[in-house]
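The two complexes that follow have subunit A in common; it is paired with subunit B in the first and with subunit C in the second.
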Partner chain A sequence: MMERNCTISISDPTLRDGNHAVGHQLDVEQIAAYCRAADAAGVSIVEVGHGNGLGASSLLVGEAKTPDSIALEVARKNLTKSKLGIHVIPGFATIERDLKPALGMGVDVVRVAAHCSEADICERHISFSRGQGVEVWGCLMMSHMISPVFLLEQARKMESYGAEGVVFMDSSGHFLPEDVRKRVELLVSELSIAVGFHAHNNLGLAIANSIAAAEAGATLLDGCARGFGAGAGNTQLEVLVAVLERLGYRTGIDLYKILDAGDLAEQILMQKIPSITSVSVVSGTAGVFSGFMRPVSRIAKEFDVDPRDLFFELGRCKIVAGQEDMILEVAKELALQAAKGGK
Partner chain B sequence: MKVKRQERIRHDCLRILDGRDKELDPLRQSELVIVGGTGFVGTWIAEMVTALNDAYQFGIKLSLISRSTEQFSNRLPHLANREDIHLIKSDVRQLGEFPMDADWVIHAAANPDIRTHASNPLDTASVVVDGTMSVMRTAERLGRLKKLLYLSSGLVCGPQPASEMGLAESAQGAAAPDASFVYANSKRFAETICSAARAQSRVPVLVARPFSFVGPYQSLETPWAQTTFLSDALQGHAIRVLGDGQVVRSYLYGSDAAYWFLKILTAGQGGDVVNVGSPVGTSLQDLAKLVAQNFEPSPEIMFNTSPRSLGRSAQLLPDTTHAQNEYGLSAFTSLDEAIKLTAQWHLMQNSQERG
Partner chain C sequence: MSRKAVVQPKNKLRIAIIGSGNIGTDLLIKILRSPSLECGAFIGRNLSSVGMVKALSLGVTVSADGINYIVQNPDCCELIFDATSAKSHLEHAPVFKKLNKRVIDLTPAKIGLMSVPSVNLEDSLAEFNVNMVTCGGQASIPVAYAIGQSQTDVDYIEVVSSIASRSAGPATRQNLDEYIKTTEEGLREFSGATRTKAILNLNPAEPCIDMQATIFAKVNNPNIPKLVEILEPLVENVRKYVPGYEIIFGPIVENDRIVVIARVRGLGDYLPAYAGNLDIINCAAIAMAEEYASLAHSKGSTGE
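== the complex of A and B ==
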C-alpha cells in the first residue's frame, strides 16, 4: 500500500442520485436502513432526497414517494456520525418554502447545484445557507459542456458567494481521466476552496475518473452503494473506498462496513443493479444527462425510434436537466423523419 | 440604544482626532465632496467630518454623491438630516449635479463585494473605469479644486510575493487579465486614468490603496473573513474558518481609515500613491479567536471547513512605511480593540432590533 498522507472525504448520494433509478420511489424504511448502514461505515456525508434535489418532486421530473420533510426527518434520526446532506437546485428549491425548513430539520451540508454555465443562479442559496452556519458546497452539473477555463470562472463565482468547496459533476459520464485531471488541477491551483468530483459510469470510467480527480488534488469524491444512481450509475462506493485504501488515501470509512452497506443497498433499494447498457454508452458518448435514461427509453418506445438515435440527437441539441419536455419534441421529430424515409 | 451607538461612533472619531485635529486644518471652511459617499468609507468620513465640525468648529460643507441616498437617509438620519451634509443622488458615470465649488474631492465609488465582481464583471468594470473617467472629466471643470483623492485598491499589485513582509506601493505585480480579477484590473486602469488626468489636465489627483478594514457600518452580509466571523458569532453559530486558518490579513478600524484618508487628501502631493491599512498581520485562526472572545457564550471555532491549505493567497499586508514616514500615520486602534468595538456595536444593534 502506498502512503499518501491524504484524506479524501466521501459524499454518498445513494439516497438522492439513486432515487433517479427508481423513479424517486425510495420509502421511509429504505432511507432509515441505508442511513444506519452508511453511518456505521463512517461515510462523511449522506445525501438524501429527490433525484433532482430538494423541492423537485413534481409531475415534470417525477413525484417522490417520500416528501422531503419526512425523508430528512428519518435520515436525521438515523445519522449519528455522518453529516446529513441535501442537493439544492435553485428553481426547484426555494429558500423560504424548502431550504429554511430543511435547515431547521438539522441538515449539515447544503450542496447548491446549477448547470455548469449558470453558477449565478446559486448566489442567494449559497449566501443564505452560509449565513445559517452550515457547510456549503457549490455543484456544477454537466461540466463536460464547458471548457476548463469556463468551468473555473463558474467555480470562482461559487467561491465568491461563500461556498466552502466546489464539486464538478460528470452528469452524463462523458469524461475521460485526462479531462478530469486537467479540470481538477486548474481548479485546485486557482481556487482557495476545496474541489470535489462526482462521476457517472456510462463509459465504465467512474472509478478511474474519481481516482484521477484525487491524484490531481480533489479532496471530496462522490460515490453510491453499488453505483446506485441515474443512468449507468455513479462511482461504486465500495470499490472506490477499497481502491483509495489501496492507494494510501484515508477516507475514515470501515471497508467491511461499507461492503455491508453495499450488500444492504442491493437487497433493499434496487430493482436492478445499475449496469452499462448500450443506451448508457450512447448517453455517455453523446454527453447527455444520465438521469434521462428512463424517460428517453420510455419515449423512444412510444414513438418507435431507436433510443440511441434519440440520445445522439439530444446531445447535438445540448439538452440539459430540466428540459425533459424536449425529449418528446426531439423524439417526435425523429419519428417524423423516419416516416418521411429519413433515418 | 441607537443614540448610544451613535455616541460610540462619535467617541471613536474624537479619540482619533484628539491631538491630531490641527493636522486637518486645511479642511476648515472648505467644501468636501465624496463620490460614492454612502458606503463604509464614505460613512466613516462623514462621521469624522461631523466630529470636526461639532467639536472643533471646522465648518466643512460635505456633499455625498451616491446611487443609494434613500437607503442612507433611512439608515443614518443623524447624518442625512444635518445641515452641513448634502446628499446628491447620482450614478458616478453620469455626474449631472456636482458641487462646482468643491475644494476637495474623494472618489470612493465602487462596489468592493466580490460576489458582484463574480456575477457582474462588466458592470464592475464600468463603475470603476467609466466612473473614474467621469470624475476626472468633472474635476477638470472645478475651479477651486485643491486635491482629489482616488480610492483604488490594495489588490492592484497582485498577490504579495512570499519573500516580502508587506506589499509596497512600488510593487510591480499585477493580477491576471481575466474576468476573475476584473475589480483589481479595473482599479489598476483607473489609476492610469488618474495619472492621465494629471498629465493632460493638471487634475491634482493622488491615490490611496485601501487594504482590509473592520468596524461598524461594514455589512455583515459581505463574504469577508471578519464579517463572516462576526455574523456567525452574532447568530450563535460556530465560527467556520476556511482551510487551516493560517491565511494572514490585517484590518484597519473605520475611524482610523477615515482619518488616514483625510490626512492623505490634505497633506499629499498630486501623483503620490499611499497604502491604507494596518501593517499588523493576523492569521484567520487568531482573528476567529478574537471575535469569539467578545461573545458569551463563546462560539465554537471550526477549522478546515474547506479541507485545504490556502497557500496561494496566504498573506496580503500593506507595507505602510510611506504612510508612516510621509504622513505620520499608523494604526491607532489595535485589532483587539477594533474587533471589540465592532462586536459591541453590532450587539447593540441586535438588541435595538429585538426591541
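== the complex of A and C ==
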C-alpha cells in the first residue's frame, strides 16, 4: 500500500472550519498571519472563508466578520506556494453572486460540497469551476449518514460532473477507523479520481481515522492547526504531519514550521483550544453536524433544556448541516415536553 | 374532442399545462377538481414520461409537441400554466404573448409581475404574465410582507427553506441558483428590506420531512405584537388556498433576530403531503387562475 501511495497532500481549513469555533469572527489580521505561517510550512491548500463556505454568512449560521471578498483578497496576498482554496455549498453560494467573484480573486482550488446523498446539486458549480481552469474537488458532508455503496454512487456523480477528486467528510466526528477504511477502499478501487478525507474529533479519533484513510489509499487529508474547527475540532494538523512522517509518508510540510504555525494559531486565532467536551461526545455519538455546537449551547440555555438531550433529538430527527433553524424548533418541543412533566 | 365538450360543464376557463414534471402533473390533478377550470391540453416532450402516462390515464388531451402544440391549436386554452424551466419560459413567453394568452409562470424566469395571492391578488389580475416566484417565496413572502408592514427599518430578511429530497426533482436540483435569486428578489420586493438572502436545504430523512421555511429578520426595535396582528389574517388568507400552511414557531426575538417558522403540508394530490413546496406554488397558481376565471365569467356575462 505504501508503495502505491507514499505522498499525502494536506488541505488546511483552519481559516474556514475554525471560523465555526469563533462565530465566524476571524479578521483580516488573523487571516493574513496564519496564511503566511501555513505557506511557510509548505501546506498544499489553505482554505479560507465562513465556516459553511462561500456565501454562507447569514443569520442562520452566523454573520461573518470578514466578507468573502476581503478574506480571499488578504489570503491571496499572503500565500505564495500554498494554493488558495474555498468551500462552496450550492443552496448557499450561487455561481453568479459568489463563485465568479471568488475565482476572479485568484482562488486555486474549489471544493463543492453537498450533504452526502445530494451530490447532484453540485453539478453546475463543479462543471462551471472546471470550465474556469481551477482545481475542483467534490465534498460529501455528513457521510456517516449513508452506506459505503451509496457514498460511492454519489462520488461517481461528482466524478462525472468533472471533479478531480472527492473528499468525504465526517462532519459529525462519528466514524470509527474501520468505517473510514471501508469507504476509502471502495472509493479508491472504483473511482479514477483522487480520494480525500476530512475528520472531526468528537470521539477522539480524528488522527486515527485520518491515518486509516491514508493507509487505505486516500491521497488528501484535511487538518487544522490545533484542530481549530467546529465542535470538538478537526484533525490536529501538527500531529497529523508528525504521525504521517513517522509512517513514512511525504507531505512536503516542514515539521518545525507547521509546529510554529500551530503555536501562532493558538496565540492569535482561538479563544480556547478545541477540546472534547461532554457535549461534543454526545454530538459525535448522535451524528449531528459539528457546526451546531455553538448554537445548540446557546439555545439549550435559552430554552432551559439539556444540550445533550437537544443533540440526541436532533440526531434522531436526522437534521443535516444548514438546518440550524431546526435547533430552535426542537428545543421548543423539548421544553414543552419538560413542562408537561414527562419525557 | 367532441366527447370532452359534452362532458365539461360550461363557463369553465380552459387552460393548458406545459411541462409534465412533478409540478405540471400535480397542477393537472388540482385543475380536474376545480369548479371553474378545465384542462384543454397537457403538454410535454415525451409521451412515456410518468406525468404523461398519468394524464393519459385521467383522459386528458395530451401532446408531446411542446409549445408547437399551442401554436398549432391556439383554441385549446385561454390561459397557460408554464411548468417547464426558466430557460424554456424565456423562449415561450413571446410566443404566448403573440397568441394573446394569459400565462401563469411557475418557473423562476420572472418575466411577469411576481404574484403571491394572499398579498397582491388584485394587482396580479391586471397582468397577462404573472410569475409565482418560487415555492420558498410562496411560503415565506406572506411573513416577509407582514414584517415589512409592521416593522420600521427592515435592514435584512433571510429565508431558509428545507424540503424533502424526494420532493426535489432534477429541475429543482439544477436550478438552485435561479431559485435563490428569484426568492431573494421576491423577498425584497414584498418586504422592502434593504438586503435579502435565500438558502435552500435538501433533507433526505425518511419518513420525509414536511416543507418548512424559516424567516429571520434584522430590524430596529422589533415590534412583535404588531407583527402578529398583521400576520394572523394573512396566514388565514393563505390557508384558504393552502390549508396545510401554518406558523409553527414564533414570531419571537432570539439572538437579536426575529424568527418565524412556517410549515407547509400539501394536499397530497400527486406527491405526498410532505411535498408542501410543490403544493403551495401550485395552490397559489390555481387560486390565481380561478380568480381569472371568475373575472372572465363576469365579464363574459356582461358582454353577452
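Rule of thumb we're sticking to: the second predicted complex is superposed on the first by the 337 of 343 C-alpha atoms of A that agree within 3 Å, B and C clash if a C-alpha of one lies under 4 Å from a C-alpha of the other, contacts with A are read in each partner's own complex, and residues count from 1 in each chain.
Rule of thumb we're sticking to: a contact is a pair of C-beta atoms (placed from the backbone, for glycine too) under 8 Å apart; a residue touches a chain by one contact, two chains touch by 3 or more.
Model, not experiment: these values are computed from the prediction.
*Asks:* Should the superposition on subunit A be reported as showing a clash between subunit B and subunit C, or a fit?
*Replies:* Fit.
*Asks:* Considering only touches as defined above, state whether A:90 meets subunit B (first), subunit C (second), both or neither.
*Replies:* Touch partner of A:90: subunit C, not subunit B.
*Asks:* Using centres of C-alpha atoms, tell me the angle at subunit A that subunit B and subunit C span after the overlay, to the nearest 10°.
*Replies:* Value: 60 degrees, nearest 10.
*Asks:* For A:304, select first, second, both or neither according to whether it touches subunit B, subunit C, the two together, or no partner.
*Replies:* In the superposition, A:304 touches no partner, neither subunit B nor subunit C.
*Asks:* Would you sort A:178 into first (subunit B), second (subunit C), both or neither based on which partner it touches?
*Replies:* Once the two structures are laid over each other on A, A:178 reaches no partner at all.
*Asks:* Using the touch definition from the top, say if A:127 reaches subunit B (first), subunit C (second), both or neither.
*Replies:* Only subunit B; A:127 stays clear of subunit C.
*Asks:* After lining up the shared chain so the two structures overlap, which partner does A:161 touch, if you call subunit B first and subunit C second: first, second, both or neither?
*Replies:* The first partner, subunit B, only.
*Asks:* Identify the partner contact of A:117: answer first if only subunit B is touched, second if only subunit C is, both if each is, neither if none is.
*Replies:* second
*Asks:* Could you tell me if A:7 is touching subunit B, subunit C, both of them or neither one (first, second, both, neither)?
*Replies:* First partner only.
*Asks:* Of the partners subunit B and subunit C, which touch A:326 in the superposed model: first, second, both, neither?
*Replies:* In the superposed model, A:326 contacts subunit C only, not subunit B.
*Asks:* Using the superposition on chain A described above, determine whether A:192 touches subunit B (first), subunit C (second), both, or neither.
*Replies:* A:192 contacts subunit B only, not subunit C.
*Asks:* Closest pair of CA atoms, one in subunit B and one in subunit C, after superposing: how far apart in Å?
*Replies:* Value for subunit B versus subunit C, nearest C-alpha atoms: 5 Å.
*Asks:* Pick out the shared contact residues on subunit A: the ones touching subunit B in one complex and subunit C in the other.
*Replies:* 120, 123
*Asks:* Hey, which residues of subunit C end up touching subunit A in the complex?
*Replies:* Contact set of subunit C toward subunit A: 156, 158, 160, 162, 165, 170, 173-174, 176-177, 180-181, 197, 199-205, 212, 214, 216, 218, 248-249, 254-255, 257, 259, 261.
*Asks:* Per the contact definition, I'd like the list of subunit B residues that touch subunit A in the complex.
*Replies:* 114-115, 117-119, 178-180, 221, 223, 228, 231-232, 235, 237-238, 240, 242-243, 305-308, 310, 312-313
*Asks:* Okay, in this complex, where on subunit A does subunit C touch?
*Replies:* Those in contact with subunit C are residues 58-60, 90-92, 94-97, 115, 117-118, 120-121, 123-124, 145, 298-299, 302, 317-320, 322-323, 325-326, 328-329, 332.
*Asks:* Quick one: which bits of subunit A touch subunit B in the complex? Just the residue numbers, please.
*Replies:* Touch residues, subunit A against subunit B: 7, 9, 120, 123, 127, 130-133, 135, 152-153, 156-157, 159-162, 164-165, 188-190, 192-194, 219-220.
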